[in-house]
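As written, the chains take the letters A, B and C, and residue 1 is the first residue of each chain.
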């Protein structure tokens, strides 16, 4: 049964807390997203730190409020650091988010994504195609089909969010993580509850790495070990809202990105987001 | 004999086809250009994917529509991946573009550029100094002079496009590649035909990596294995046009970059570009 | 005794010289800052080149006008290249700037920062917390306290510029470098002279890597081997001025970054900066 978000799920206090606490978010993320992901977190009110060397990734994970691991531009030394940091986060009970960029496109991404699941991510966020691919690879989703072998779209989604709902639920149940599949609308689930978040704008797909940056935003909302389902839903809702607002002054993808950062900084806890939770 | 571009070279349909097909462009590019190169391709209507690990670069090259290899920020593991991806593209007859950033400045760049020529790039795009340096290094251009040893300008051109015409023709004949030397005006040649493209704006030199991003745009136009000389000329022409248009609203290099992305997205197949082909 | 900047310290001619000479600045910098650091240098009028492979870092250092080494995203191969480039710069008497990002946060950063001091940087620029941490690590500053172990803020400063003055002086005396601690206001010292630079805007802390980019700007002003104390003070003053001017048209951090680049390009040698030198 779908219903509007009840008072208990009002996300405003989560944004206010984030602004007050300014969580340190460690990001092991891809080269393409470094600039925009750091700027998105700063605009929102968090404190990003890109730390990915194997010599320090685990040490740093102990002092951060949350960790995000993004496999967008993999290499062997980084995979090692991802494991060290994720293991440290798990051991210290620091929330961490996995963004399995391009899983399904190459064997290296498939192997890495699956191996990282062993460290029990708090959240898995991807586009619909990635969530479907990871659910199949992990054995969480049925189908008899083989794991998708990539397809022509590389790191962009070829599937709709609606098509990913069952895979997301299965992946959540199999891993214990909250799972978010984002796209034209977003879905987030802990295997039982499901939230749908509407809003945003098509121009969000014309700016690189806004999905990667969103994973960092989710991590920032996870800091403080709040209920990860509700924290993620709040993160997605505020992100969609900033995207919708940024479209008004934008003349194209260049000015949209600029306005989007401005709108993230201008978000207020009293803003209403378009969030529907089904129980 | 120079003449205006005839009907057969009208580039509009090439842009329309790119928008319809949305080619997946694999980019092994430098760290400085990652953000802007991906955003330029997204704004134009292509689908970029930065994939450079040796574990997956060749596998991914098989599913992309075109590949661009840019040596701007070299390291040994990346050079290995460049060879793997270029060899895979050559074997699969997928067009690929080489951007020899800074060739002539260090021995490492010289060696890498020359070695990559063995995989028969479809296109070589550089600034005038880079094209002259690579032509000399490859033995394509005469002169008795040694290959340039760098000079004080690093990765920026110290030569004019006009000065690079003979080197570009010689390099094209020696390698079988289309060769483009871009700058105040652009020249592109397949060793026989020569096109000159005018337009653009001086502010394009005040934004980092717009040359690197242009190599990706050329690769996007090469996708579909269309005539690479005409495809490259179309790419250069549309890029110059967007640059000229972006100068009007710009207050400086910051706002120019924003407007340039907007103008790339706003390009129309019916737009006229300033292209002169000499036969 | 504090007094307004005398005629001998007028920084305008330094900006005019930079624009005329367009120094080649080699940057070994972190991934997050690559885009904005290169764009800041181009906007100002310098010529940036990001060259960090061990195979070419030292060779390239010989042809640059100045070098900046930034440890923001460390890894072992990069540390090797940092040493090679800094040693080459020292040997060739080319000025070089060290930006010890996040020193104090991890052992890897502490060890690397200390080891790089052996190559006698011309300038050390950091935020207040980094300067305090490095002064303690190097034994320059007293206190009996242990080196700071990081704290919750990662790469952002937890200390004020005023609190870093004594540490900056001690570090300058111990290393022979000019030392700058930047923040709400900036201080720069050669161990004897001290300059304070006011201006800027709070939005400068909401855009990633503007501190890293500032280290590159300082390096550009160091090119030509001018008095490094005065060159650094000029760099900091013009940077603050561009920041203050950019705040007027900005709607938030996104548009601030755009305007900041525009304002750097629009700086004039006749502009007055807010610089006070104490002797």
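Here, a contact is a pair of C-beta atoms (placed from the backbone, for glycine too) under 8 Å apart; a residue touches a chain by one contact, two chains touch by 3 or more.
Computed from a prediction, not measured in an experiment: that's the story for all the values here.
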| item | value |
| --- | --- |
| Type of chain B:chain C copy interface by residue overlap (half), same or different | different |
| Equivalent-chain rotation between chain B and chain A, CA atoms, steps of 5 degrees | 120 |
| Between chain B and chain C, centroid-to-centroid distance (C-alpha), Å | 34 |
| Of all residues in chain B, the ones touching two or more other chains | 31, 34-35, 257-258 |
| Contacting residues of chain A [partner chain C, same complex] | 24, 26, 31, 34-35, 38-39, 42-43, 47-53, 55-56, 59-60, 63-65, 77, 257-266 |
| Contact footprint of chain B on chain A as seen in their complex | 30-32, 34-36, 72-76, 102, 105-109, 150-156, 205-209, 251-255, 257-258 |
